[in-house]
Structures are given as C-alpha cells and as structure tokens.
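The next block holds one structure in the form of structure tokens; read it before the comments.
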Amino acid sequence: AQDEFVFGMILVGARNDQGWNQAHYEGGEYVIEKLAEAGVTARMIVFENLNPVVNPQATVQDVAASMADEGAQLIFTTSDEFEPATLEAAAQLPDVTFIHTSGSAALETTPADLFPDLFEATERVAPPANYGNLMGEMEHGKAIAGCAAALSTKTGSIGYLGPLINAETRRFVSAAYLGARYCYEKYAGGDPAALKFEVIWIGFWIPTPDTLDPQQVTNTFFDNGADVVISGIDPQDALIVAGQRREQGDDVFAIPYDYEGACDTAPDACLGIPYFHWGPKYLEIAQAVLGDGYVQDWEWTSPDWSDINNPDTTAVGWRNGPALSEGAATNLQAFIDEMIAYQTDPANEGSFFLWEGPLNYQDGTVLAAEGEKVDPLKVWFLPLLLEGIVGDSTLE
Amino acid sequence: MDDALLNILRTLVLSATPLVIAALGETITERAGVINLSLDGSLSLTAMVAFGVAFATGNILVGILAAMLVGAVIALIIAVASIELRLDQVAVGFVLTLLAADMSQFWGVPYAGKPTAGMTAAYLPLPLLKDLPIVGRVFFDHNILVYVSYALVFGIWFWLFSTRPGLAHRAIGERPAAAFARGTPVNRLRYIYTIVGGSLVGLAGASYSVGVNPGWATPPPMQGDGWIALAIVIFGGWHPFRVVLGAYLFAGLRALAGAIQSSDIAVPVTLLNTIPWLLMIFTLLLVSGGVIERLLRILPRGMQNRARNFLRSDPPVALGTRFDGEQR
Amino acid sequence: MNIELRQIHKRFGSVHANNDISVTFAAGRIVGILGENGAGKSTLMKILSGYQPADSGEILIGGQRVDYSGPQAAIAHGIGMLQQDPLDVGAFSVLENFTYGQPGGLTFNRRDAEWRLNQLCQRFGFDLPANTPVEMLSIAQRQQLEIVRLLALGVRVLILDEPTTGISADQKQQLFNVLRALAQEMQAIILLVSHKLEDVIALCDEVIVLRAGQLVGAQQMPATTSELVSLMFGGQLPPQARIQSHLGDVVLRLENAHLSDRRLAMRDVNFQVRAGEVVGLAGLDGSGQRPFMRACAGLDKLLSGRVMVKDEAMTGRPYRDFLAHKVVFGAAGRLEEGLIAGLTLTDHIALATTPGWAVDWAEAERYTNARIEQYHVRGRATDNIEQLSGGNQQRVLMALLPEDPVALVLEQPTRGLDVESARWIWQQLLARRDKGSAIIFSSAELEELVTYSDRILVFYAGQIYEVPDVTRTSVDELGHLIGGAFMQAT
Amino acid sequence: MKRTATNLFFLALPLLLGVIVVAILIVLVVPPNTTLGDVLQAFWNGAFRNLRRFSGVLVFWIPLTLVGIGLVITFRAGLWNIGVEGQMTLGGLFAAGLAFMLGEGSPLVIIPLCIFGAMLGGALWASVAAFLKVRFGVSEIFSGVALNAIANQITLQLIAGPWKPGDSDKAQYSRPVPDAARLLGVSQDFNVSVVGLVVTIVAVVLVLLVLARTRWGLNLKAVGKNPRSALLLGVPTTITAFSALMVCGALAGIAGSQRILFTYGDVRGQFAGGIGFLGLLVVLLISARGVWVPLIAFLFAIMLNGGTQLQFLNLDSSLTGVLQGALVLAVLLANGLRDRLRKPKQAKG
C-alpha cells in the first residue's frame, strides 16, 4: 500500500522478552491499532536484538537507513546505548523522525551543570531537529514496588537485582528504597533503620556470559535471609527463582519489571508489576509526524494519576500480583492514594512525595535538607545511591 | 553451622548439577576415545528443547527425554563424521557448537520468557537422609535431577573400574588394537558410548531449563558452561570422582562472585566474573606435567608420589584418533 | 589336534604377501617360520590367528574346516598369537589386562582373577605383580603376561612373532623352557617367527621357509645355520668384513652428564666419540640408550654436566644448533620422527637444505631429483612421503643427511628392513664414517652391533658398561650383558 | 594450472551440497506466508539494494577477512586459535587506548599508530595462549576460550572506569574515540573506510606470499603436520608455533581496531561480536586454503547483512547463524564423504 504509514522499532533485546523490549513492541502494536481506528493503515518494521553479540554486523545507523529504504518516517530507538548512534542517524536522515527512549540529548541541561564536581563540563551540541527523547517516570512505579516489598517481607530484608549502574538505575533503586522505607515504618510498623535493602548489580540489562548470573544472585539474596527480591533487569529471572522456591515451600516473593504481563511467568510468587505503557505517547508522536510534524522535545511522562492503569492515558502503571496478601493490598492502595494526593495538590493532608528531604547520599552528604524538594533533574541524573541502601553506587 | 551458609552450600550443589552431568557425559565419550567438543552449543540447544517440549506437552519427563534425544543425535553426527567419514573431531565439534547455539536461539523464540511455574523437575527431599545434620540440607533436599547426578557419579565409577564392559570401554580409548584382539567391537562401542555421553549432555541441558534455572531466554544463561565442563573433564583426569570435585569447585566460585559483591569487600564485578576463567587456565596448568613436578618439590618426599598420582591426569592414549582395524 | 592351511592367498595392492601357501602343523611340535623381511611370515600368522582374513584358502583344525571373523574367534578355536609388540593396555594393571577378554559376567571378582593369575605365574616361574600398571613392565614381562593370558583362554596353538628381539639371554632361556613345557605337557603347537637362526636351532623341532610370499621349503631339525641360510636366501650371504677406519680427534663429548627420562635417571655419564669411530649401543628397550642419544644430540636438556662438540660447549643449546654443527639425530620411527606425512619429497629437501628465509622451489625440485637419482629412491619429487615403501622412506632419510656430518646419532637405523636394504644403509653410513664422521647407533640386533661397532656400550637399568674388546665379544656374551650380567660381575 | 582445477572441484561439489542443504533449511523454517524467494530477495536487498547496503557488506568483510587470513596461518601450524575473538578485542582496546592517549592531532600520524597498537595488542593476547601452549602444553582451545571471556571483562572494566564518558556515566559504552583516530567512510552512501580496505587487501596478499614462498611458511606446514619430525629436520618448532599465533593475533588486532575506529566509534561490550568464530567457520569451510578466504568471507558478509533485512520478514536474525553453521557442517561432511568414496579407488590404482 502506497499511502500506509511505516514506522521502525529498534530493540536491544527480543520482542517477546516479557520485559522492556516487549513493552515497547506492544506500544508499537498499540499505535497500529489506534491509527487503524482513525482510518490510517500503519506498518511497523522491527529490528530486535540489536547488540554486538546477536547482530555484530548491524549498527543503528545501518538499520535506520534500511528502515528508511522501507519507507519508515518515524523510528523508535529504545535502548540507552543507542543514543549517540541515533543522533548520527538522525543527522544522516533528516526526513525521518527519531525518538530515543531513556536518553537526554534533547535536554539542555547536562549532568555537569548540576554536579560540576562529578562530571566534566562539555559544551553541548544541539541534536538535529528530527530527534527527540522520551521516558516514563518509572520511579513512581518503583516506589510502589518497594512499598509492596516492605509490606510483604517477614525477615525485614529486601534484595534489588540491579542491571548495570547508571543514573537511571540508581534513580530506580533509590525510589524503590524510599517507598520501602516509608511503608515499612508507616504501614508495617517496622523500624526503618532495621530494614535491610541491598542491591547487587549483575552488570547488564540481560544476563550474558560476561555478567553475573541473575538467578545465582537471586538465590544468594534468598539464602542470606532476604524474602523479597525486586528485579531491575529486563528478563524475569528473579521471579522464576522465587516461584521455584515457593514450589519447594520457601516463603519468598519477587517483583518483576517493565512489562504488564510479567507476573504470568510465576504468578504465585509475584507481588505485583511496575510497568511501562509506551503506546499512548508513541501514538501522540506518530500523529504529530503524520500531521504538521514532530517538534523536538525531551519528555519524561508521569502516570495518569487519575487512573494509573488506564491503557490509553498512563505512561507508567502498577498492577498487584496474585501473591500480594489482602492486608498488604489495602495498605499498598493507601500508599498509592497518598502519592496521588500529593500529585493532585502538594498541599493535601496525608500526601506523600518521594523526593522530599531529609535525604542523604550513600556517602552521607546531603541531597535535600528537611522539607526541601529535590530538583527533578537532579533526580534524573542522580549521581549516587541514597543513604540506607547496601550496594555499590558506581562500578569502580 | 548457620543457616545462611547451609543454604549457600545447598544452592551450590544444585547449581553445579548440570556441570556434573555434562562433564560425566563427556567423560564417558572421551573414555571411549572420542571428543565431543560441541558441549557449549549442545547444552543450549538441549536446554531449549527440554523446556520447549515440556512447555508444549505439559510433561517435564517428555521434555527431558526429548533433550536427551537431541544430545544423542548431535553425538551421533560427531561419531559418524569421525568414524565413517574420518573427519577431524575437533572441527566437526566446533562447528556443531556454533550451529547448536544458533539453532537454540532461532527455534527457542516461541518459548522465550514463557511461564515457568511448575516447570521444575519433581522436588523431593529424601525422607530420612534429609534430616541428617548439615549433609541432609545440603545434599538431600533437592529435585530429582540432583539425585540423578549422584547416581551417575557412582554408577559410572563402578562401570568403568569394576565391570568387564567397563574394561572394554576404557580399552577402546586406551589401545583399540588390544581391544580388537580381545574381540571388542571397537567402533561399534565408540558409537554407543559417544551417543550415551551425548544423551547425558542432553540431560545436563535439561537440568538447566527444567531444573536449576527453569525457562528459556536469549542469550542462553548457560553459555560458556560447556567449555568449563570440557575443562573439568581434563582437570578431573577422566575420573568420575575428580570430575565431580571439579564441577563443585567451579560452581562454588560462581556462587562466591555474588556473595563477595554483597559483602563489604570492594571488588569490581568484572574481576569476580573472570575468576572461573582464570581457574580454568590454572587447573589446566596444574594437570600439565611440568607444573606438577615443580609444585611437588615443595611437598615432603613421602607425600609427593601420592600427590602426583592424584594430580596426574593422562588423557586416554587413543583420544581423538581413528581405529581402522576392522575395515579389513 | 593338527592345524592345516590350504592354498592361502593374500594380496596388499601390488604386493603378493602370501602366495598359495599350504602347510600342516602337528600337535606337540615347535615349528620355526623363517624368511627375510617382507617374505610374508607375519601375514600368514595373522591369517591363522584371525587378525587378517585370507583372500582365499582354507584353515582346518583337526580336519574340521573353520572360518573365523577375528582374533577372538581364533582363540575360541584355541589359536592365540603373541605379537611382536604385545597387544596389552598400558594404563591397565597386570590384573586388569589378564582379566580383560576372559569370559564372565558383568563384574569380575579380583580375588579369583588374582588367584588364577598367580597359579599360572608360579607354574612357569613368572614374576608379575598383579597391581602394577603394564606400562611399567619390561618387554619380557609383557610377553609373559600375554602368554598366561592366552593360556588362561585355553589356547593350544601359540604363535610368537619375533619374541626374542629386545629381551635378554636369560629371559630368552626362561621363555624357551616354558615353550618346551607347553609342547610336551599340553601337546600344544608352538609357531615361532624369527630371524635369529640360533634361536630356531635351539628351540624348534622343524622349520618352514617363506620367500616373496611363497613356501619355499621345510626342514626337520636339527640343521646347521648354513643349511637354513641357503634355504632362506637361496645361497650364502657374503660375510661382512669389518674394516676399521683410522680415528681422528674427539668430536662429541658428555662430561659428568646427569640425564633422566620418565622411567630412570642416569648420573655422572662420561662419554666421548672420535671422528671416524662407530659406537654401538646395546640394551633392552628403556635401559637408557634413548635419553643417552637424545642428550648427545641436544634433544633433551641435561640436568647437570656438559655436552661438548669439538671443544665447543653446547650445553643447553637447542637441537637446531647441534644441527648447525652437523651433529644429526635419526630416530627409529620413520613417519613418527624423521619424515612428515603429507609433505612431498621436495618439501622435505627444501626443509633440510634452505638456508635463508626465502624458498627457491625450482632449485629445490632440481636438487630433489638429483638426490632421487643418487639414492635410487623409488618415487617422484612430487610424491607425498607416505606413499613410498618402507625401504624407500629409509633411503629418503639418508638423502636428507648432510654429506659430511660431524656425528650421526641413529636409533635402530635398520629396524624393519630386509637384509639388502639394511646392508645398503650401512654402505651409506660407513662411507660417511670413512670421510671422518662419528657414528653412534643403537640396535636390538646384536648381530648388527657386533658387525659394525668399533666400541659397544651396554645399557642396563641406566647403568653403562663398555665391552672391553669388541673384536672378541660374541652375540651370546652380549645377550647376557644386556640382561644385566655385568652388574653382578662388576 | 591443474592445481586450481582440482581446487575448484574440491570446493564446487561440497559447496553445492551445502547450498542445497541451506535452501532446504530455509524452505523448512520460513513462515507459511513467506517464500524462499522472499528470503533470497531479503538477502539481496540487505546486501545490494543500494550502495549503502553494499558498503555494509564491505565493512563487515574487512574484519572477517583479516581474521580469516590470520587463522589460515594458525591452522597451517596445526593450532586451533579459538582465542582469536579475544585477540580482536585486545587489538580494539589497544587502538582505543592509544587514541585516547594521543587525543587530537594529525590522523596521518595517529591512525597508523592506533592500527600498529592494535596489532601489538592482538599479538600480545595471542602470546599468552602461545606461552601456555609451548611452555606448559595447555590446549590453545581452552586457554583461548578463557582468554576471550577475560578480554570481555577487561573491556567492561575500562568502560566502567577510566574510559567512561566524562559527561555522564552510561555504563554500556566508553566516551567516543577522538576524531583524529576515527576511520571515515568515503561518503555517506559509500560508507567504507579506504584504510580498512587497503590494509585488508595488503594483508591477504602478504600472507599468501609468505605462506607460499618463505621458509617460515614451510616451517608452519611442517610443524602443523608433525612437530617431532619437523624438529629433527631443523625447524624451530616452538618459535614457529609461537610466531604463528602472534601473527594471527596481530591480524585479528587490526580487525578489532576496525570495529572501534570505524564501526562503533566507541568501546562497548562484546564489540568483537563473534567475528573471530565466524572467521574459524570460514577457514574450516575452505580447509584453510588461504586464497579462498576473501571470497568466502564476502559470502558470509552478504549472508549477515541479508540477515538485517530478514527481520523485516519477522524472521529471527539468528537464522543467519543457523544457515552458516549448516552450510559449513554440510560442506565438511560432504568433503569427508567425497574423500571416503575416492580413497579406495586410489589404493587400487
């Protein structure tokens, strides 16, 4: 069909990984479906597993060019490490709109502006106009996950299965910890100081021969007394191990990540799932491209606080898992309501905001003083883990 | 002994099981004089098959059998290539390594990330044994596949060193001509043992995907283990007991990597990840004659011989060679 | 029970190894099988013992025609063969070797097996420690093990292919006694393949002679050596005159050398050889000749001591340097150590002669053809070496030697060659000797040692004994010495 | 003359068989709605649709050919240099390291230095395996596998630490290599590095000459076929084996530098991308006959770039790997079969 709308989707992993990549892929399918309702026939061409191991011959630039040859007008590059290549591709193909998720090239601020002593200042090159960034405020989802974990742990010890260490992952770990600490004190009536919250980094988003084995790590957590493991990696290893151990009578849980349907892997062990809904935003962008053109932007989109699970409006959501107990569920809902309350009006009684002081970095230095609210961009570029978290802040 | 440590040891035994089975399978094959180098790929492929079939049929046993069948077929290819076609076993094995790995990824797509609930081989703590102090928790509180690995160790040891067929088995790997002179059908037995060894490799693959870490994903989590298993066979001097020792040693180091990071010791992940590979080189160094002798000099005279006999690891003399005595 | 062979034929490509051989062996007799190399002796015996099928012909046992599929089947008919290199498994213990191949159930009872082994050993006065790995035994012991193994299998026809090569005189006596006992007490048939006429004369009741694959004669013993020789070669061989060439100065010297290999260690070895001198090394396999020779050529490093080539210290230098000084080592195995299967004759010549970094193939080919002429090699420059026959391969090895070596260190230079080939080789060597090369060679053929050596060193368990006067020594005396006789003497 | 003729026969028959096997495989695996034609079409588009696609083929051909020709050397010497992957990696790392050290400056100076450094790095990594082999008899297969893994860890450590992007801390790739060290494509459409092409062609020619015409080439052959005899014929066997691995490592190093200085422009995990293993396949496919390396490498490059396009048919790109593996296996078996059928006749004749 000549007048069909073609868009490309470049994935670092497999489209059916029950995680990050599948979430994006289904976002693309959502676009097709909605456009069809609007009478536009759209076609998505996918390139998955774009990584040196599975596709050594392919680079983002080449794949993008091939997609352009196939008639793609819009291309989503959906992994952190694609950013520089995406910028090059965008420069080479000015007629194609490029959306890179989780990056920040389209953002004026650089880490050096916020943390001059940690990052060297480099004068910023403005990206081409046909380039933009998109990310969801997953920290809210992670906070809920942390809370769910705190409400379910009996040993008072929670493990976080970390991928590689960068600002994004530090942000998520910290958010999960803050949620856990808050709920552990307020709803579980525990002593926040006594809550053990540890992160172990395997070294990459997915297990490879070069990383730690995430199942091994999850086992280490459980063997050392943790009874809930929150997953920060794409595949579902934590949940798998938890499920297996439950079948053997151990009382342990896990919380997967990224994809709405992730709990299906091992429902009995799944406390819930913080997930991305890329569809709505992707649709917006597609429509812009179809209409009077996409305007460069760096978007960091929040959940739809009126209904965090509304498939047509929310960018980030949370669903309870089968393993979440009645009581925990009610308390968790209460916690979510507190977050909503703040988002609707910070002045609200009994409202909770994640990034409100007093907050210290792991090394004890102050991030935010009592009552002070952290600058969102400082959260985006968070240079260290927060105080109270056991685990490395940097790879060195 | 505190729980955490017991748990860690228990996990160690569990996660070593595939290595144990794979290395034992290869031991059987190499004792017959054939090298099956394809392990690293075979493990991935058979793991995928085991999970895929088990998932499709809802029957784990069928999955395991399917995996063993695939392992056997790969072994058969190697046997035919080396015995009938007189090709270099290493070459064929290496190609199969890569091919099998890619096949597992290509045909594994439908099963990637599929639910793993109830996909683990039957878990049964052994009634009385599991209550023994320490060993009970560490060795007898597992799923069936782990016990199978125990059975294999002792079974193979008994087979090789205490039975008449065992004598023939070792002889065709040591001196086929002598075996032939005693009426042993050398090449037929080489077929059989290569295939048996291959099917054990299949069982090892299955013991990942429906045992130690259920499910299927790309890249396969067991990548690299095949090579380690092959090295373990050498380190194990082609003797079941030492092979098991080696397998537990490697698994132990892996477990350590995670444990160390969670401890206060500041070591980069990357360094921890290199440990098993450094160990691989080190063990091969150790069993290479020259080094032993140098090390033994440190020991007191009396112990030297015993240590030497324990460390020495001479491959089956006829390993990797052809025997044409029968095509007459 | 008699054994009869009828019209046995066997071809290997062009070679007609057995050509219409018919013969009968009667119970209780010890029969010698004679013939030069390549005559077809081993082939005939392999056919009789099931290792190779005949192209045509029949075997009758006690008048019954039998057809068997392999050695096992032959043994079932009571026919067992003791190969030149005993077919045992080095990694197995004596007991395991004894047990392996014996009928029985799934498992075997070590105690029973050991008891049966000891029974037989006592009967024949063998000393075979049940739990020692076979690779640690001497050739003689391994022969003994094979014999008891075969007897335990109920063998009544025992074939021995050149059993007396590489064992001492005493061990030989013991073996012969056993064989006689078997023949008399059990009415067993003993077939002895041997080149050593004195052995045949000492042991056999009758002999048959093969030549070029045909049965050319039979002879009741006793008979004299000359009778047998004329039967074998259809005429007398001219006796080898031994011409002493004049000796120059010392060209190769070992000083307080401390050598060792996997088996044994040798301390304070002192040795020197002079230009134009031929030194023969006698001794059973693994008595120390090999490390000694490899040390002389710099192939094994000394643990201590010095190697000198013409007053130049070569200790610790690689073999390449020895080669540069024209000290050349020739190993026993042709295709194992010396020639390279898969390379052409030209490749070999180029390897041996190219001085610089570039290879001039045209030149190399010309040179190769010249050598082929000169050494009467049956083969072309472009042939792969393994396509040549044994003797021709040996000829190529000779062609690879430098024209004027300082010292030649040769392991069993004529092993497995027929008498003509062997003599031809020695012509080549002695020619170089006369030009002033020193020659150090080892051999299992005592005859050869006595014939060609100016000096003989006898090796036993790492001990070295120099025969005082070669001109007076005999094959017999040497046979005793290699058995370690000099150890008691000195 | 006659040689090449037999060579052609030697390749033709089994290759044909292999291709047939591959074709059958494709027919078996493609989803019902796509045909063999579509797949071939996809391969064609991926490789030749336009100049840019074709340059993609050449870009991949460069490292693959370099590795392949290097492996021909080690195979000559009877060595299984599975460590070639790690040698590529170290080569790339050395190149990157030099680039970072030298910073900006004249490419005419920096690029040669980086490539030389890459050769050094590859050779160095190879020498580890070589040392373990000649000194302790540790199988180069196993040391190779281990050294590959270790090389990857070194890469990750460098990315995480000294080479991490200064202006952020992305954990997956280093900061970009300075422009002065970047190899540039001829044009946006013909995006191939001339330097890479020239270096590769020169390398191939040199290696073929050395193997055919020098004593070293002959030594390799001798050592490969029978080290013990070779020693007695005056070949410095250990040096020969050692040097074979080092030279192969150096060539692999250049290949690695191409990945960094051209393809990615930064250092990232696994940047060698299994090209070393592909190289082994290439060489096995042609039983180490050097002349054929460029051709077969080209074939493989086409298959891989076709693989890119395969995905647009919703076929997993690991299919390419399956096809290559199947091709090589089929050819190996066919070779064996043909030799088996020919041997008896020879013996008679």
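Descriptive notes on the structure:
We call the chains A, B, C and D, going by the order they appear; numbering starts again at 1 in every chain.
One rule holds for everything that comes next: a contact is a pair of C-beta atoms (placed from the backbone, for glycine too) under 8 Å apart; a residue touches a chain by one contact, two chains touch by 3 or more.
None of the values given here were measured: they were computed from a predicted structure.
Centrality annotation: B (chain centre taken as mean Cα position, compared with the mean over all protein Cα atoms). Remark: chain B and chain D have CA centroids separated by 30 Å (rounded to whole angstrom).
Centre-to-centre separation between chain A and chain B, using Cα means, comes to 38 Å. Spacing of chain A relative to chain D, judged by their CA centroids, is 37 angstrom.
Separation between the centroids of chain C and chain D, computed from CA atoms only, is 48 Å.
Under the contact definition stated at the top, the residues of chain B that touch 2 or more other chains are 105, 109, 218, 224, 268, 270, 273. Residues of chain D in contact with two or more other chains: 149, 153, 156-157, 160, 316, 318. In chain C, no residue touches at least two other chains.
Interface note: chains touch in the pairs A-B, A-D, B-C, B-D, C-D.
Contact residues on chain A toward chain B in their complex (touch as defined above): 14, 16-19, 22, 49, 53-54, 198, 200-203, 206-213, 215-217, 219-225, 235-237, 240-241, 243-244, 247-248, 264-268, 390-392, 395-396. Put simply, chain B touches chain C in their complex at residues 162-165, 167-168, 170-171, 174-175, 177-184, 314, 316-317, 328.
The part of chain B that touches chain A in the complex is made up of residues 3-4, 7-8, 10-11, 15, 105, 109, 112-118, 120, 123, 212-215, 217-219, 221, 223-224, 254-255, 257-259, 261-262, 268-270, 272-273. Contacts from chain C toward chain D in the complex involve residues 13, 299, 318-320, 323, 329-331, 335-343, 347-348, 350-352, 354, 356-359, 361, 400.
Of all residues in chain D, those touching chain B in their complex are 29, 80, 82, 132, 135-139, 141-143, 145-147, 149-150, 153-154, 156-157, 160, 277, 280-281, 284, 316, 318-319, 321-322, 324-326, 328-329, 332-333, 335-337, 339-340.
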